[in-house]
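Please read the structure below before turning to the comments.
Per-chain residue numbering starts at 1, and chain names A, B, C and D are given in the order in which the chains are listed.
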Amino acid sequence: MADQYQSKAKVLKSERLATDVCRLTLLCPDIAKKARPGQFVMLRIAPAALDPLIRRPFSIYQTTAGGQLQILYKVVGKGTGIMAGLHPGDMVDLVGPLGTGFPIDVRPRHCLIGGGMGAAPLFFLATWLLRHPDAEPVVLLGARNREELRAIAPEFENLGIPVGLATDDGSEGHHGYVVDLLADSLTGEERPWHVFSCGPYPMLRAVAKLCHLRSRRCHVSLETMMACGIGACLGCALPRAGLNGYLHVCRDGPVLEAGQVAWF
Amino acid sequence: MMNSPDLKVNIGGLILKNPVLTASGTFGYGEEFAPFVNLHRLGAVVVKGISLAPRAGNPPPRIVETACGMLNAIGLENVGVDRFLAEKLPYLRGLGATVIVNILGETLDEYRELARRLGEEGDIAAIELNISCPNVKKGGVAFGSDPKMARAVTEAVCRHARQPVIMKLSPNVTDIRVIARAAEEGGAAAVSLINTLLGMAIDAETRRPKLANLVGGLSGPAIKPVALRMVWQVASAVKIPVIGIGGIVTAVDAIEFLLAGATAIEVGTANFVNPKATEEILAGIRSYLERHKMQSARELIGALAPDA
Amino acid sequence: MMNSPDLKVNIGGLILKNPVLTASGTFGYGEEFAPFVNLHRLGAVVVKGISLAPRAGNPPPRIVETACGMLNAIGLENVGVDRFLAEKLPYLRGLGATVIVNILGETLDEYRELARRLGEEGDIAAIELNISCPNVKKGGVAFGSDPKMARAVTEAVCRHARQPVIMKLSPNVTDIRVIARAAEEGGAAAVSLINTLLGMAIDAETRRPKLANLVGGLSGPAIKPVALRMVWQVASAVKIPVIGIGGIVTAVDAIEFLLAGATAIEVGTANFVNPKATEEILAGIRSYLERHKMQSARELIGALAPDA
Amino acid sequence: MADQYQSKAKVLKSERLATDVCRLTLLCPDIAKKARPGQFVMLRIAPAALDPLIRRPFSIYQTTAGGQLQILYKVVGKGTGIMAGLHPGDMVDLVGPLGTGFPIDVRPRHCLIGGGMGAAPLFFLATWLLRHPDAEPVVLLGARNREELRAIAPEFENLGIPVGLATDDGSEGHHGYVVDLLADSLTGEERPWHVFSCGPYPMLRAVAKLCHLRSRRCHVSLETMMACGIGACLGCALPRAGLNGYLHVCRDGPVLEAGQVAWF
């Protein structure tokens, strides 16, 4: 836990990619340098005020050698609404990098399946996997509609890897859940599959179930309410498999082996 | 050149290097904050409430943000006294941190036994008695709002503990001075206040409570005015030192509590908002004293000017 | 097409057009808000607390901002019942507003006399009894925290008033249900809660209290979780309707109080922040009902789902 | 009181005139149209958040025919700190115009004496007085130092009227209080003097006293803590002369005849 920092970060860019999908580019060298895919930051959006009080957790979408760190986010409420109004030059305050990252093992083939903003940590993961010449990742992305999908998919497509698409309204790709695409993707038995998933809870549960039935290794990145992000408040509890007490998503996760979780 | 101001304060015989402590439950077992704060520089680290047996805590959701505050219903999850002594205390000891252990029980016997166990550890500086946590149905609430029971717990713990005992008070009472006096009569070396205010949050869309436990404890800047008023009331009602808690985020907040009569303060929710809060508050108190040419933090205690 | 939802609610026999009221002391005598709100559209206008004789109120400073809230120590400044009836009521009457008069006294006799005077006015819809204001040394606090006295005041007022009597409860008590039950037994048609939490603010630089009165009443979003919890507790402890008050800023806040068991709500500090708050809340409740295909606002009352 | 509005206003310009003196230009036609010198607005600086909760009162510095409204302000705390970070395009929320304005009677000569940001309503007043051909206003301005004075004085100087200057540190103009300049300014008995003043309380008290001794008519613009600005909260109480109850600065003022006030 020594490699955690609290840093003031300057907003370099504040982009709107779709009606309610935005991307924030921050200058934050210490955190950017140490961050690994699957880790997150706790962002204090308006450091000059006490509302919103509690930091907001965001997966790291990408880092650059120049010390930049990007967040891909959806505007869902007060905090993200204020975030969307940030201008270049504004200052925010970050704590990170936090949590366990995705366990990266290059022997299996990787299937990355994301719903909505769940794509964010998977993009960071994809870029890391591609550093290894043997990696053959497959990506499956789901979104509500074409507009949201177009805010997410292009960067994956630019990586030159297979990307399967689904939308809830059928405006692009498969009309239905992205999980529907998963079974057909986990084919070929030369290399075992390792599934990484991030997205809404019902989607993760479906992914976990399918992987369990097919005996595929599966890691999911989960969300719970977080106050501290560093294991101190015990607020981010998640029932452990077998209902044997609780996991703490900020410290034991957010990336967890699917079998560790008591799915409801 | 002036000497650097003296920050030492005396909590019922226990001399602390400075008046900045952490509030139980908001600083884990200390270790979690090591990347951000030099633990040995704090007046004391007050750890998460410890019970005799480990506790798993409440089902989630356990926390929710409110206006300038948060509600928590952690349910007193903790590793239990055995694992605390074996796994958590040595780390703090190794860093040279001053450690205060917050304890909770559901019966007088449990409190007694906890006091006895912790009393054996020479390097625990004090025991803080939580009889006010509103989250657990059994015990908690009753001890904290009934002066007779509050006095009985204090007496029981004081008899078995070797360290000074700090009684932590609940704000969910008509007159907090009555409970403070009961603690004083029971032998407490100090009182600390306030614990959280009992609150609730509802999700209008799902029409469900936002906490699985229905109700939780309100903390953070939202409660500061209530905390400050209670500290001011209690400081003039008892002779033992008062430790001020509630919504402290900045050095200015901390100084307000000292002026209201607190001998020391505990920083709670602010640790989540700003992990470096405690050290920044400490630095801020030091520079306030220098700017006002005061020799000692003790000059601030209860130094509220009589009239507006 | 669906009919527009029915917003009417029943407060102890008094039918209000909708559940959105103003909180006493935050809406002046109504007139002040006429540029911003159509007063006759509100469930009721609850006016500033009226006493028998005019009161000049406390010396300044009387207000101070706190985190997501404010402290006030206005000291119940008001024009007195005679000028109220002669100068303020006619304006509201002329607009067709439903008027509830908040009253305060220092003795049982004063309350009785106020009830008698207001009872003579046919167009005052209800009387709200403030026995909880923490700002005035005499009377206020004692009535509000002692169930016997609370019951006695309610009885005295109910005997003389012709209108339904709403008892307004103080949150500064160990168990608010006890006072609510005392009001019910005393004959109150409804209870409204919460009044302000007693708080304090200090200026660290000048070392003086920020309010001339030293302590004041905390209101605003900061107290919403406490208010919501108390409304939920009281709603299941009494059979009379509950009016929810405390930190309501938006329609979502208002709906949370209805779900917790309130039959109506009062908007306080939010009027300062957003003078149009009451009408916006009303519109928001209407569209919530439409969106959820509910016929009546009454379907929301106490409709909190049992488990998280 | 019918001509009061609550309006969302767009930030057109956000300027820093000195280290801690800023000027905000807002588009707010309804309020701008009705505003008179001495009136103020209650500004909700960050409408998306609940902290700061209470609106902040600011005198109107200037309005334009195009519906613009300017505020000249000093950064002194949380709210003004956040204001200084506003960008063009951001939205704030205004209530106004509020309070009594300066009573304008063109028969006397006018002496406008301001300390610090007290200059703001006096500038608006000066521009109104100059609409009348007979007006011969004199302005006296005090500031902490030359830098602050230079943020305030030029716009008055551009009006082509006599401007007397003072700074606390003597870096420009008279070294000392601006009130020191008042006695010598109130000369010539052809026309009676009417003094208008705005600034820190001790300065207003000194102005009020001098005018009382010299029998000059004197109006001061006062500040108290305000929650509503519209006469509803009764928070802005100020002891009335003779200690006969209280004035309410938002409604009875902020401009008050000096004799109405119980000076302490």
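Convention: contacts are C-beta pairs under 8 Å (C-beta built on N, C-alpha and C of every residue); 3 or more make two chains touch, one makes a residue touch a chain.
Owing to the predicted nature of the structure, the values given are computational and were not obtained by experimental measurement.
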Handout entry: Fewest touching-chain hops separating chain A from chain D
Key = 1
Practice task
Just give me the whole-number Å value for how far the CA centre of chain A lies from that of chain C.
Solution key: 46
Practice task
Find the geometric centre of each of chain C and chain D from their Cα atoms only, then give the gap between the two centres in Å, rounded to an integer.
Solution key: 36
Practice task
Spell out, as numbers or ranges, the residues of chain D touching 2 or more other chains.
Solution key: 50-52
Practice task
Name the residues of chain C that each touch 2 or more other chains.
Solution key: 61, 67-69, 220-221
Practice task
Just say which it is for the chain contacts: an open line, a closed ring, a star, complete, or other.
Solution key: complete
Problem - Of chain A, residues touching chain D in the complex - result: 46, 48-52, 78, 81-82, 85, 87, 90
Handout entry: Touching residues on chain A, where the partner in the complex is chain B
Key = 1-6, 44, 50-55, 93, 95, 224-228, 230-239, 245-246
Practice task
In the complex, go through chain B and note every residue touching chain D.
Solution key: 67-68
Problem - chain A - residues contacting chain C, complex - result: 50-51
Practice task
Over in the complex, which chain C residues touch chain D? Could you list them?
Solution key: 25-28, 31-36, 48, 56-65, 67-70, 72, 74, 77, 220-221, 249, 269, 271-276
